[in-house]
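You will see two complexes here that share chain A, one where it goes with chain B and one where it goes with chain C.
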Partner chain A sequence: MHIMEGFLPWQWCIVWWLVAVPFIVLGIIELRSMMRKDREYLPLLGVCGAFIFILSALKLPSVTGSSSHPTGTGLSTICFGVFITSVIGAIVLLFQALLLAHGGISTLGANMVSMAIGGPLAGYAIYRLLKNTSVNIYITVFTVTAVADLITYVITSFQLALAYPAQIGGVMTSFAAFFAIFAVTQIPLAIVEGCVLALVFKYIVQIKPEIIEKLNVFSHEQIAKARMTEGSVASSEVRS
Partner chain B sequence: MIQNRKLELITVVAVLGFVIVFLAVNATGSHGFNGSDEVGSQKVAELTGHPVDSFTPLIPQWIPPSAEIESTLFAIQTAIGGVILGFVFGYWFGQKKQTSSR
Partner chain C sequence: MLENLVDNIAQESAFRHINPATKLILCLGSLVICLVSPSPVVPLISGVVLSIVLIVPARVSPVLYGELLLGPAIFTIISVVVLVFLVGGGDVLWQFNPVPWVNLTITVGSLHEGLLVLCRVFGCSVSLFFIALTTPMTDLFDGMKRIGIPIEIIDLMMIIYRYIFIVYNQAVEIWHAQVMRLGYSRPMEAIRSSAMLCGMLFISSWNAGEDLIHAMDCRCYNGIIPSLEQAEPMQMRSLIPVLLYLAGLSGILLVVITRVVVLS
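Take a look at the complex of A and B:
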């Protein structure tokens, strides 16, 4: 989903940088106050960050005959919200811009807005919508992750379309063209990513449910219910 | 008691489905499986009428000299994530074992 260095006019580079900076600043502030309050969250933050690192490095082939990578931002969005996710996403994007020439410094603003901010924002909206319903928590995680992944690429398409409107048909025509390249490639990837991160979330709930509860990601009842249906409570009692 | 493995099963099916789709797409027609970043850049070139090479970096950029070196750097990126993941889950697992054995 990276917009490559040089492929965005400088005016747009500045616009997207300006949009991105407040999120990153707020994220750093939130991160610092959380760390000062309780170091207990650090391991979970590590897990969420690790998945963004791993998944965004995997270029997977897709139905359209091109390859793309998942974003991995869904888990972090659910556990820590949009701002902290923005910071982690920005670190990954900076790593790739400096060392791999995937995206660049001038387009980093735009890439942060799509992967580190826009995707997580959309995912967070879904999370809030589903949080207090009877929907299974793993289905919530799946949906949030898949949506965050997919919307990232929709935003990239939109950013390119705004910068390069087609001569006939304008922004919407080129949006359709970029959408066909980025977003369609992404659909199967988003589904697989959703499944994998839902599974990871299940393991976190099994091993460390208290941290999910403490962060108020899901209520005590929801976690207890998920643990019951997954049979992990009974089996761990048998083991001990 | 046998644990409920529904989610594991769904994930395996999804991954297998993904692989099968890849094999099917790969078998029919010639696809480069280029990165969508690159395909997107080509589209930009097509829309503007300027060749891809005419887009020069606004800010000078270090480019990995070969695909091998690039793959190393990507491997390092995933390794960093993998190490953290293993460490934390091990730490949690140990914590859990300790509290339940007490």
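Take a look at the complex of A and C:
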């Protein structure tokens, strides 16, 4: 769910565009240096971008009965970092606006700040915090995804509250009202998305662990440990 | 989802052959005018006029167009209702205190603000639909190159755009296979199936990316994907009506702004 075209006053559209632009510029610089090092990255990033677009267009089962869309940025944050994710996120958001009529051009800045910058930044912080600890890699993936998703909606509510502060209580009351509406679908969604992406990681570890090693997402030992635990679980299932 | 992809409609639009820059001028021009308007009148006029243009001369199916408008409409109406209760100003029209600490009030100012946002979303969304429903993405890539967007970004966008359809077809095939095997019958089963779908999609996308590199290498890929521009040159026949329309809309905006200034 993005802020749609025309919902924000023009002053706020400019402010959020100005906030988003430095991240996109840094992302482009990082992308260029990454491609100079290894030109194989462009097709891989392109295909991953398409994957994120499809993921964000898929309907996930939601506890509240309504179906919601995942943001898909958690996986990209873990794999490529914040700045590259912000570029991919910006392109995905533009395509969503032009191909699916979700979001818009004037609100693209605000949507970039929430979905392509804020969420990934929070997710990346959690990932760095948990990466070198003994925490299971699936729990790390779950936490990163769920936090990135939740922060995206916290920022969206904040953007709406800043643009339309309440008459009594100001920005904070407005923020509480908008977030309460989002929370009904977004908190269950964040948990479901976290579970789904943790399971996605399980399949990657089982079938193609070299992707995770190539991108240096987790160390070889951590992946080996995760594979070993799964191996023992699988063999105990066979025995029982 | 992608069944009613806007791009498919754009491919068949009667305005497809018009130079993309002309259409972009109309889209961005009316978008900016609708956005800065302090009155709901300007976006309402712009939205209605562009909708008629899209349905009649551009031959966009009215049913599909209606469905497209309905998407943002639901979110907008919920948000506008919240907005009407939150913001204030002016005389109180309606007040409701279900419990002592909750005070729901609608004022003249909040109603005006709600109406303005509703019309602005309508006007701006129709401006966006105008470019989306008449110009396929491939034409927009040429335009982006001309305005100086880095070539790496455009190449990345082209790859993403191409692979959206390939990944999507794969996702639909897996999804059908899962549904046939009752993969979404229970909530836990649905989560497991969704994860399996996404996991397999990611791995097969990655493999497709690796195959793409090899295919591009065979065609002497050196970091840039060259492409031919197919757009028609800008024609006065289409540019003059666009400029006249934007001038008219700006005129109405000026009248509205002077009236607002005089009244205040």
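Throughout what follows, the second predicted complex is superposed on the first by the 203 of 240 C-alpha atoms of A that agree within 3 Å, B and C clash if a C-alpha of one lies under 4 Å from a C-alpha of the other, contacts with A are read in each partner's own complex, and residues count from 1 in each chain.
We adopt the following convention: a residue touches a chain if its C-beta (ideal position, glycine included) is under 8 Å from a C-beta of that chain, and two chains touch if they have at least 3 such contacts.
On a predicted model such as this, the values are computed, not experimentally measured, just so you know.
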Chain B versus chain C as contact partner of A:Met4, first or second or both or neither: both
Contacts for A:Ala57 in the overlay, against chain B (first) and chain C (second): which applies, first, second, both or neither? both
Counting only touches as set out at the top, which of chain B and chain C does A:Met35 meet: first, second, both, neither? second
Per the contact definition in the header, classify A:Pro188: touching chain B only (first), chain C only (second), both, or neither. first
May I ask you to decide whether A:Pro43 touches chain B, chain C, both, or neither, giving the answer as first, second, both or neither? both
Counting only touches as set out at the top, which of chain B and chain C does A:Tyr138 meet: first, second, both, neither? first
Could you say whether A:Leu99 touches chain B, chain C, both of them, or neither, answering first, second, both or neither? both
Which chain A residues are contacted by chain C in one complex and by chain B in the other? 1, 4-7, 10, 13, 43-44, 46-47, 49-51, 53-54, 57-61, 63, 92, 95, 97-102, 104-106, 160, 164, 166-167, 174, 177-178, 181, 192, 195-196, 198-199, 202-203, 207-208
List the residues on chain C that touch chain A in their complex, please. 1-2, 5-7, 28, 31-32, 34-36, 43, 68, 71-72, 75-76, 78-79, 82-83, 85-89, 103, 105, 107, 110, 113, 117, 120-125, 127-129, 131-132, 137, 140, 150, 152-153, 155-164, 166-168, 171, 184, 187, 190-192, 194-203, 205-206, 208-210, 212-213, 216, 221, 223
Quick one: which bits of chain A touch chain C in the complex? Just the residue numbers, please. 1, 4-7, 9-10, 13, 28, 31-32, 35, 39-40, 42-51, 53-55, 57-61, 63, 75, 87-88, 91-92, 94-95, 97-102, 104-106, 160, 164-168, 173-174, 177-178, 181, 192, 195-204, 207-208, 211
Going by the contact rule set out above, which residues of chain B touch chain A in the complex? 1-4, 7-8, 10-11, 14-15, 18, 21-22, 25-26, 29, 31-41, 43-44, 47-48, 55-59, 61-64, 70, 73-74, 77-78, 80-82, 84-85, 87-89, 91-93, 95-96, 100-101
Residue numbers of chain A touching chain B in their complex, please. 1-7, 10, 13, 43-44, 46-47, 49-54, 56-68, 92, 95-106, 138, 153, 156, 160, 164, 166-167, 174, 177-178, 181-182, 185-186, 188-189, 191-192, 195-196, 198-199, 202-203, 207-208, 229-232, 234-236, 238-240
